[in-house]
Amino acid sequence: MNSRPRLPRREAFKIAGLSAAGLALAACGVQGQKAAAPKPDAVKDFWSGQTKHGKVVFANWPEYMPEDQGPLKKFQQATGISYEYKEVIQENAEFFGKADPVLRAGQSLGYDIVVMTNGVHLQHMIELGYCVPLDHSRLPNFAANAGQKYKERVYDPGNTYTIPYTSGVTGIAYNTDHVKDDITSIQALFDPRYKGRVGMMADAQEIANFGMFALGIDPEKSTEDDWRKAGEKLKEQRDAGIVRKYYDQSYIDAVAKGDVWLTMAWSGDVFQRQLAGEPVRFVVPEEGGTIWTDNMLIPKGAANPVDALMLMDHLYQPAVAAELDEYIQFVTPVPAVQDLLREKAASAAGEDKKALEDMVDSPLMFPTEADYAKLRTYTTLSNTQLQIFNPIFQSITQA
Amino acid sequence: MRRLTPYLLVLPSWMWLGVFLVVPMAAMASVSLQTGNAIDGYAMTFSVSTYGDALGRYSTQLARSLVYGGLATVLMLVIGYPAAYWIAFKGGRRKSMYLFLLLLPFFVSFVLRTISWNFLLSDNGILFGTLKDWGLLPADFHVLATAAAVVGGLTYNFLPFMILPIYVALERVDPRVVEAAQDLYATRAAAFRRVVLPLSLPGVFAGVLMTFVPATADPINAAILGGTSNTMIGNIIQTEYLTNLNYPTASALSFTLMAVLLVGIFGYARALGTENVLQAAAR
Amino acid sequence: MRGVLGGGDRVVHGGRLGDRVLHAYTWLVILWLASPIAVMILFGFNDKQSKSNTTWQGFTLRWYAELLDISDLTVALRNSLVIAAVSTLVTVVVGTMLGLALGRHRFRGKGVTTFLVFAAISTPELVMGASLLSLFVSGNVPRDANTVIVAHVLFSLSFVVVTVRARVVGLDPSLEEAARDLGASAWGTFRQVTLPSIMPGVMAGAMLSFALSVDDYVVTSFVNGSTVTFPLWIVGAVKTGIPPQVNVMGTLIFGIGVLIAIGNAVAGRRRT
């Protein structure tokens, strides 16, 4: 520790003594936990002894379940398994920051299902062996009803550890009061005409993807060279004063009010503002957009893994998925939901009918095939690559 | 028994601080000297270079934080002192009410307060939109996403922490002393400067301590109200710790920040001369 | 600015105007601090149709009727209030004792103690939260409302200590000595002489501590286990839209606070 000026000697020694003791205590360091991919036998071994316990604890983000908890109640009725639902996740990074010390010490988080977005932290969860490999023989609804794209995800091949809960698209949102053109290209975000009126996201993976799209690079196949080029492009954008701010979440307020005119944005946010009548429009740029997914996983040390699997599978029944998606209003992994909601709209009336129809017709909730063709996930990064990737983009967003 | 009194008074705090502050801090200090990463683990290498690297990369943000924090503190002092003065001397029976009202907005989540400020200060919102319509402001004037917004946000969010301690110190000044001083010095200003102000200095010191420090380390105002060049050291620490999982660097930065702040505090206390801050408890 | 209209009949005339100005100024400061609350209150009446509560769409009282509809939110609010009350109580007791000791007693380790108090204030919240979590995990302490209380006491302690100390420093000890000479016990002296004279510091410390606790996010997010508090719930909901019930709760908290303040002012008799 640094020494303080004018500290009486005795006090200094006392402080030094305390610190040394503490340092000695903590000098052991922290053990690595790198896990190898599970062998198929390992998966079978884990699950062979497990049985249903009659209870499940589900940790999720706020506002990701209808207030009356309908899907969960139906699950309880159908299977007799009681549930505890906890809205304890606010941010992936923070959640990982909390979970890491606990799981590293071999303790249980106390949750059977946890929802995390694909990205650095989910990847660490997997690499550190914090996730239980899933037994797909017990996930029939997933196999039957999940969209093909949701079964082939780059960041979790074969859905070994996770299955999707809901997805979202990152594209461009723009304020139609201020931007009269029809925006279709990602280059609009780099257009000097909008100097000081453009919002970009602060998250390294989000902004990296857009930098790469602007240069015609596919993030899913990118190399270190590509990242540097993307970094250059973003740096130019910043130096030219085009960007007003690198946002975490509040871009949507900014663009809805007209503080920024164009911004990187998540589909669900824009959808809600449109429902509120605000002058924002969303577009997936021609050059590409990002699709991200919030995934369900079973953390190591979960007390009720079989019950967890059953609940996860239950949520893939089309009717249940429809009930969820109607509330969450992001992109569901079950394509059949669109037709179900269409039927519901047909038999509904008044405001409900209009709301449902808006949902069904909205490409923000149900991206078209053309959209999907343009969408890519975040770049998958090993830990070593992360050490190179992050500084490139953080030096732009956090200068 | 008298001689034991201070030790009895201090014992609970010693235990609390000892267990919950010292031990974890020591562990953190230890982490700052390790190398490695989340996947492969960390090992103690007594690597002091982490500090050097971190400082080298982030000296701008650190300096900027000190400037923003310092500016906000000065503003809070200027804005808060008169209010503390009035409540202490003229608040009468309603003193507690005023203090309570000052703090009341802070019982209502900071998220709501900040969102509301974003709403009020938006480029074309209630305040600036109207002024622009009246031609009093240029069309591209904006407060949000600037350093001014960040400093303003810091000032707003920590103001009660400046007012309360100053009030507490002023309130014990007997008004008759003030009157006597006014008789002596013939103007209120002189009476204030020579009598009241010095008596309030412990409160001022406390106020500066409780505002400058948290303001400098604060990440939230910069994140919500700042623009592209207003990142503060608190944001960096957060990114290094939570996003990059770079625990040694985050710890090193935290301790560096703490060291800078503590040096500042002790220096200030010394200059002020009212605090025998580390007068080794007269043996 | 402060009654520099000196000279002549200074205490009466120049004084009064200066006082009025200061009085108005103080109210201005209070109103400025409360201005975002006005917006918050307003949007508690917003007849919004979608999940986002950001554009005014009409007036409604419906959120007041549906206040408790989001059970997790209600629980979170309750948690916050309970935690704040308990931690304030503990902090005030422990912190006042330390503030007294630092302000007027001499003892060995005073310097280190002062240093630790300052260190607690200057610790970035993130570091405090993360290091506490590690401590709890290695000690196998389950994280819940209790650990949150411990953490809140930890960071509020310094604020109470510093505030009480600012009051204690320079208090005339002769009153207490007189009381003791007259035969009062140590506790009696404290209760009847010392405590009343430091009460403003204690009350101020209590208010600061409560405010710090009820509004804390970062430290709480690390050590809360699955106990969600009000600020935590709100931050989590920002992504999908903060429901108006949050505004209503804030309005009610604020309203009750104002009523307490007024009630206190009306009923108050003592100088403090």
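Read from first to last, the chains carry the letters A, B and C; within each, the first residue is number 1.
FYI, contacts are C-beta pairs under 8 Å (C-beta built on N, C-alpha and C of every residue); 3 or more make two chains touch, one makes a residue touch a chain.
As the structure is a computational prediction, the values presented were derived from the model and not from experiment.
What topology does the chain touch graph have (line, ring, star, complete, other)?
complete
Between A-C and A-B, which chain pair is linked by more C-beta pairs in contact?
Most contacts of the two pairs: A-B.
Report the inter-chain centroid distance for chain B and chain C in whole angstrom, where each centroid is the mean of the CA atoms.
Measuring from centre to centre gives 15 Å for this pair.
With chain centres taken as the means of their Cα atoms, state the distance from chain A to chain C in Å.
35
On a C-alpha centroid basis, what's the spacing between chain A and chain B, in Å?
So the centre of chain A lies 34 Å away from the centre of chain B.
Which chain B residues reach two or more other chains?
Residue numbers touching two or more other chains: 22-23, 25, 27, 115, 119, 241-242, 262, 278, 280.
Would you give the residues of chain A that are in contact with at least 2 other chains, written as numbers and ranges?
Residues 4, 7-8, 11, 18, 91, 94, 97, 253.
Which residues of chain C are in contact with two or more other chains?
Answer for chain C, listing residues that touch two or more other chains: 54, 109, 111, 115, 130, 134, 235, 238.
For chain C, which residues are in contact with chain A within the complex?
48-52, 54-55, 57, 69-72, 109, 111-112, 115, 130, 133-134, 137-138, 140, 221-222, 224-226, 228, 232-233, 235-241, 243
Inside the complex, what are the residues of chain B that reach chain A?
Those residues of chain B that touch chain A are 22-23, 25-27, 29-31, 33-34, 36-44, 60-61, 115, 118-119, 122-125, 140, 142, 144-145, 223-224, 226-229, 231, 235-236, 239, 241-245, 255, 259, 262-263, 266-267, 270, 278, 280.
Under the touch definition given earlier, write down the residues of chain C that touch chain B in their complex.
Those residues of chain C that touch chain B are 1-4, 6-7, 10-11, 14-15, 18-19, 22-23, 25-26, 29-30, 32-40, 54, 93-95, 97-98, 100-101, 105-111, 113-128, 130-132, 134-135, 150-151, 153-154, 157, 159, 161-163, 165-167, 169-171, 186, 197, 200-201, 203-204, 207-208, 210-211, 214-215, 217, 230-231, 234-235, 238, 242, 246-247, 250, 253-254, 257-258, 260-262, 264-265, 268-272.
So in the complex, which bits of chain A are touching chain C?
These residues of chain A touch chain C: 4, 7-8, 11, 14-15, 18, 59, 61-64, 67, 86-91, 94, 97-98, 101-102, 105, 107, 110-111, 249, 252-253, 256, 268, 272-278, 328-329, 351.
In the complex formed with chain C, which residues of chain B make contact?
1, 5-7, 9-10, 12-14, 16-17, 19-25, 27-28, 79-80, 82-83, 85-87, 90, 93-117, 119-120, 156, 159-161, 163-165, 167-169, 171-172, 179, 182, 186-190, 192, 199, 202-203, 205-206, 209-210, 213-214, 217, 219, 234, 237-238, 241-242, 250-251, 254, 257-258, 261-262, 265, 274, 277-283
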